[in-house]
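Take a look at the structures below.
Shared chain: chain A. Partners: chain B in the first complex, chain C in the second.
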Partner chain A sequence: MLGICRTKASLTLQRLAKLNSFRALSSFTVVPKFALPSSNKHISTLSGISQHAIQRCSQWRCYASASSAGLSQDKITERVMTVIKLFEKISAEKLTIESHFMKELGLDSLDHVELLMAIEDEFGFEIPDQDAEKLNKPSDIIKYLCEKMEDRQYVCM
Partner chain B sequence: MSVSAASLSSQRQRVLSLYRQILRLARQWPGRPGVADPATEAAYIRTEAGTLFRQHKSLSDPAVIESHIAEAESRINLALHYNIPYPRMPNLPPGCLATPGQPKRRTARGMDDALPAYMKSYKSGYAPKIK
Partner chain C sequence: STGGTLIRQAVKEAKPVFSATSEDARRRVLNLYRAWFRQLPYIIREYDVPLTLPMCRRKLRENFEKYRQVNDIRVIDLLVAKGQMELVETAHMWKQKTHVMDYFKQTVSPKPTDFLGKFFDGKEP
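What follows is the complex of A and B.
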């Protein structure tokens, strides 16, 4: 499950190593978290390596540790349902994962906008308008968030 | 009076995206340091938008909806320009709407007509009820 992140990190570092004859890096497959800062110092003294590539490696490092911090499908479900329950216009008894916001829970479109803003606040990124109008049930929201997290190299288990 | 479904639904989308834009504005509201607390003003923006949008949510005439959309857009632009979310209230002292025949009369209709576009929801001394 973390294989995607680590493979990409190792590929980039292998490419960097080949470019600059830094043979020590070219044969590793797993980079322990604490090792990367010191190898960053070595890399940055060599010419021709972009800061951007180094930053991307450390970003992958962060994502690898964050995927254990609450972005599996269960955790996403839990967070989404908590946010929806805290929304005062929804009665918690009628709420299920498949309940439709407008038809079953009696929200109007303005309440729907406010609910999606609360979810944006919780997860930290913006949902564009065309996607927002399709998210009519909690299950739609959960599926959408999983896809978005995958796009950004989080992993949804 | 036939109204095309396409125009109603595209208006609906514009209204919802305006509401979304206002709520996003409230999230990042800078306030005026030393003068206005950002949290208070952000709360005002949210309640004001919620009240005004819900007041007019059952309108059906596209021309009226269009004028309310213009009202929302002008309030957004003014808030962004001056960094003040509150509308500038009109000052209509006695005699300002005088005509040669009626030197002292200030009618409710005259005052409503004198309101700028961004005050359309505040007619005749009417202030929206804050929930």
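What follows is the complex of A and C.
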């Protein structure tokens, strides 16, 4: 299992944890309390899929308090840029905060979806479709995340 | 005549299957992709297939790219419905390992063209 990991950043620990055990352990994710039951809404909105698959990936544990868990603008920027850099289809040279995913970095819509899923996994909450369509640059994503982090209440399990 | 024009107008519009607009259909497709993408690690785990996650993701992308050129909303809806049915069957473990491996083609080595190749293959000249 370890052979398939990308050994680049601490994010891999989080992803490895998801693949190796069915309980995802992460010290930096922050879970909005009303999102927990529907953390796999993406599956269940289409139809009611196996409950065991849903329960497997919905255990988040947070050891940090909200203030130190990386919620300032700088930390959010850093985390977002790390996630984007880890994405293989983007070349790190062309990547800036203002680079457009589709036009400048050459991603298509499915790549965009994968990228947003990586960000959802990192920050621990779901981004709805109508918002996801508008997030075309890293700066848009950072702005959106800052707004969402301020709005939500946080629960550490 | 008015009867003829009414019939012509009725024939032009087709009743939608699920989505009314192409935006709607696009969202369905992307959500299906998301659902499959998230299910992949569990498929590998549960069916114990000799596959890696990158292989599965490439195969998923390939299957979606196959229908990239389709523009008819009703056809898109039906394809999404079929994809959703496949996802339900795979996630509930109603399929077996062989059904999952069916998505991947058997490796076929190219037929030999030179004499020695054919000889080793067992073919008489």
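Criterion: the second predicted complex is superposed on the first by the 87 of 157 C-alpha atoms of A that agree within 3 Å, B and C clash if a C-alpha of one lies under 4 Å from a C-alpha of the other, contacts with A are read in each partner's own complex, and residues count from 1 in each chain.
Definition applied: contacts are C-beta pairs under 8 Å (C-beta built on N, C-alpha and C of every residue); 3 or more make two chains touch, one makes a residue touch a chain.
As the structure is a prediction and not an experimental result, all values here were calculated from the model.
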Chain A: partner with more touched residues, chain B or chain C: C
Chain B versus chain C as contact partner of A:Asp129, first or second or both or neither: both
Touching partner for A:Val113 - first (chain B), second (chain C), both, neither: both
Chain B and chain C footprints on chain A, overlapping residues: 109-110, 113-114, 117, 129
Touching residues (chain side chain B, partner chain A) in the complex: 12-13, 16-17, 19-20, 23-24, 27, 50, 53-54, 57
Chain B partner contacts - residues on chain A that touch it in the complex: 108-110, 113-114, 117, 121, 126, 129, 132-133
List of chain C residues in touch with chain A within their complex: 26-27, 30-35, 37-39, 41-42, 45, 52-54, 61, 64, 84, 87-88, 91-93
Chain A residues within the chain C interface of the complex: 4, 18-19, 40, 42-43, 45-47, 49-50, 53, 56-57, 109-110, 113-114, 117, 129
